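Consider the two complexes below, in which chain A is the common component and chain B and chain C are the respective partners.
After this line comes the complex of A and B, so read on.
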């Protein structure tokens, strides 16, 4: 990781001064962020132009353009156009720097990304441009330098700029997803990048390990493990060997970190009853947050940290409730269905995703915090559980048995564009989307 | 003739006398053997009785051990079952728990861990809490029957350790259980 950081330090992203007259930053009007998936923006990403000779550049000009279109496609905002329809040859200058806009507008492309790849002594130089083809405007032009191993970073950074110029939001390209997998034979926690790439195992408990939860700075995870024979709560720094274990009598489960604080909530049953408590990141109980005989479990925090959604059986069946921390008042949120669990509060603040069981099958639903809806997002495709919002509030990661074994899937917050995130031995469950990692 | 008569008389006396003595002697010999035999028989009988008593006692002991083993097996193997999304003890569960309480009373040195389990239809997090509630229900019942709480530990496995991986009511019913172990 250290060497990566040194490399990234050498990675220079320079906005080159654009000489084309009339260039201005887009005013975020390309993608209606209230209805972003109603109309997907047709975008053309031709193979990049290889600027240096040699196989490396030829190879990279293809893989990088594929990676870029996959990365943009991940957001659900775009319709990636088929390259077979393209009129311009990407290896000529017309396919890169001197774009003939008519070549693209005539096939319906509204946006165009061109690139040039230069490889020299294992160093990579990539120039990337985003055009509005109808306005005949260059929206972004950047040049990146780095090692060959920095290629994903370069593409992600450019995509982040693309999304920012189109929506005003930085997107999710520097986020990760934690999940549970049985690849090693027992349930352990793994982490991958937002697109399922670069899977890394983080626990080696060789026993049941469950429910990873990210701290709001993305530096810590909390999870439950039976490593000491019972369900204890582990709070672990992801890079340094620091952390603590909360090992009270009974349950120590379902951690959820508070926004912008080194505090977390979790369900503990040392009192004889599962109740939700507020704890410090060092594992000390600050106070009890629920007070009700029967099950209270699975806290999820509103982005302002003032409200906590949780599952309670106080009304007879498991339902999502919301507690206001200031007033102490608890309101029941879900009334449809007899088994509503696993709340995840949207980072935009207005919705809660959860899983609802009917006839033994779980499906993902979204409900407004005012009770509007609920809207069902998954239908008749196996068991669908554990929704978790992306930090920009646009996507939901969840687990599904639609292809047999449980695997991790991603969809938009409206239920469109459902796709598998990764394929791994064993079964994958309980995905949790990280906050945006602060760049270092 | 007289001499002959005398002889006959003598014979008449002597022969029976001889016969008597002979029979007498013979009888005495026979009695000794019988006595020895009797003693031996008695010894054998006693030995047999002793053996039988031993066997009987052994059988009793075996029966007792078997019963103890059965009681132990009952304690360890007879899970108590629950309705879906419920931690309420059914009447069958209560009957079994009474037997388990008896065993715990007869084995005052035994400590037990009560595992709470769920079927896998719900969600993992909620099921961990439900398993905890189930184990606590069973523990509370045993404590109410006079078993010291200090002898009983609870642990929830939620839906993580099914006995039957099947996806049907039969399998689910088997998985919604409390299992007892001794430590």
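After this line comes the complex of A and C, so read on.
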């Protein structure tokens, strides 16, 4: 806790008023995030200029610029340009403060990030600038101070500003991903940052632990564990030692938190038939949400919390259904395929990602709330399951067996740029993207 | 469905392979005159009457000064690395057009050598930059 506070105290981003006021209000005409096949913006990220002498600064000027381009690349919006094509030396003034825009426009770079790194007594000072090379305009100029250990936070915060100035959205740099891994021999829940860094084990039950679900403030996690010999629902605070266990007769599985509430839904079978119930964050049943003879499981909430998607076997095969909480009406959403499960509602509210089994293989599909589509996002590459949207609606995290063992992958919401998120011992499954963490 | 004897069918399409070959070998060379205020490495250019160079932001200019030194824009490169560097630059560009400004004192052999390097890098259009003929000089 204490270290956390000092970190924040250190990281005072003193915003330099480098931009002329008004310039930053120029609108978000760079990346239209609603376009399915957007052209990737060519961006040049030369090595940063080392302002202080010494090996530390030289090393950091390289690693920080690499980290910045990797972080921007993760979003799928950019084409990171080959540094060997650059015509300006990053260690001269032209590589940082007095940019010659022609050097960058003539090699095809439309955006440019330059930086200066100053290291003094284990303190790091980084100045970063984003330029539009064709308009010859400074879009963002910021200076960050912090400890050497704050470098990832500094870069992430600047990237967040970059994405905000280009798209009008804060991006996902402040999010985490929870997943199940068998690295320790049994299925346990782990958490990592959005780009797969800082992997941390959350549960130590030495038994089967499944289906992590984030509360909408990112502070709580709900999951199913067999710690008491049967599937019980655990609700756990991530930082404090608080929480409850829902241990009713039968199954207590597939939790999903409601948006902006300390309530969650889960499948319980104490009545004999697996049905979805609404529970408080303290584990008390508020009411029953589904009422049908078939199995009802895997709830997923619309961003406004008024509709719930879930899997039901009421029509014979597992299909995604949507229930409107106000009217109580249930509509079947998927008609294609005989085995559609694991719905994840997109943060913009217009789409649902799910996994569908056909010919013994699972693949990820996206369907419009109006039933438009469905569009298949993964093809002929092992089993692809458990889609979960990033909170900005741009990316989907999922698990895939394309390289043999099940691992966590990320792709854009349109199925492009599929890549592995991390490599860990054992198998990784059931990823869940966190909401944006509220800064505290 | 074909009419049985598929192997005997005549190929009625034009075989484009030789055409593509020819296109790849070609280097389109054209001449432009530098606008009055063209910045960059200082060279004295030959004078001709030709189309003025449109001042576009993405123009890529290779300059040879009178000491046989090579520059891409203002960035100095050795002749041996010109091709490699150009290839990487072209990867990020939409067109493959390059302008060459060679000092009038430079030997023809060196210019042609540089042009060969430029072509080998994948450039398909090369603009030779000259200066407009100055009327005063003519009268002397």
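Assume the second predicted complex is superposed on the first by the 429 of 440 C-alpha atoms of A that agree within 3 Å, B and C clash if a C-alpha of one lies under 4 Å from a C-alpha of the other, contacts with A are read in each partner's own complex, and residues count from 1 in each chain.
FYI, a contact is a pair of C-beta atoms (placed from the backbone, for glycine too) under 8 Å apart; a residue touches a chain by one contact, two chains touch by 3 or more.
Because the structure is predicted, anything quoted here is derived from the model rather than measured.
Q: For the three-chain model obtained by superposing on chain A, do chain B and chain C clash or fit?
A: fit
Q: Of the two partners chain B and chain C, which one touches more residues belonging to chain A?
A: On the superposition, B touches more of the residues of chain A.
Q: A:84 in the overlay: touching chain B, chain C, both, or neither? Say first, second, both or neither.
A: second
Q: In the overlaid three-chain picture, which partner chain does A:368 touch, first (chain B) or second (chain C), both, or neither?
A: neither
Q: After the superposition on A, what does A:134 contact: first (chain B), second (chain C), both or neither?
A: second
Q: Touch check for A:101: first (chain B), second (chain C), both, or neither?
A: The second partner, chain C, only.
Q: Now for A:426: first (chain B), second (chain C), both, or neither, which partner does it touch?
A: neither
Q: Angle at chain A between chain B and chain C: what is it in degrees to the nearest 10, using CA centres?
A: Result: 130 degrees, to the nearest ten.
Q: After the superposition, what is the least C-alpha distance between chain B and chain C in whole angstrom?
A: Superposed model gives a least chain B-chain C C-alpha distance of 39 Å.
Q: Per the contact definition, I'd like the list of chain B residues that touch chain A in the complex.
A: 85, 121-126, 128-130, 132-133, 136, 154-157, 160
Q: Touching residues of chain A toward chain B in the complex: what are they?
A: 187, 208, 210-211, 224, 229-231, 250-251, 253-254, 267, 269, 272-274, 294-298, 311, 317-318, 339, 341-342, 355, 357, 360, 362, 385-386, 429-430
Q: Would you mind writing out the residues of chain C in touch with chain A in their complex?
A: Within the complex, chain C contacts chain A at residues 57-61, 72-75, 85, 88-89, 91-94.
Q: Quick check on the complex: what are the chain A residues that touch chain C?
A: Residue positions touching the partner: 42, 79, 81-82, 84-85, 87-88, 100-103, 105-109, 134.
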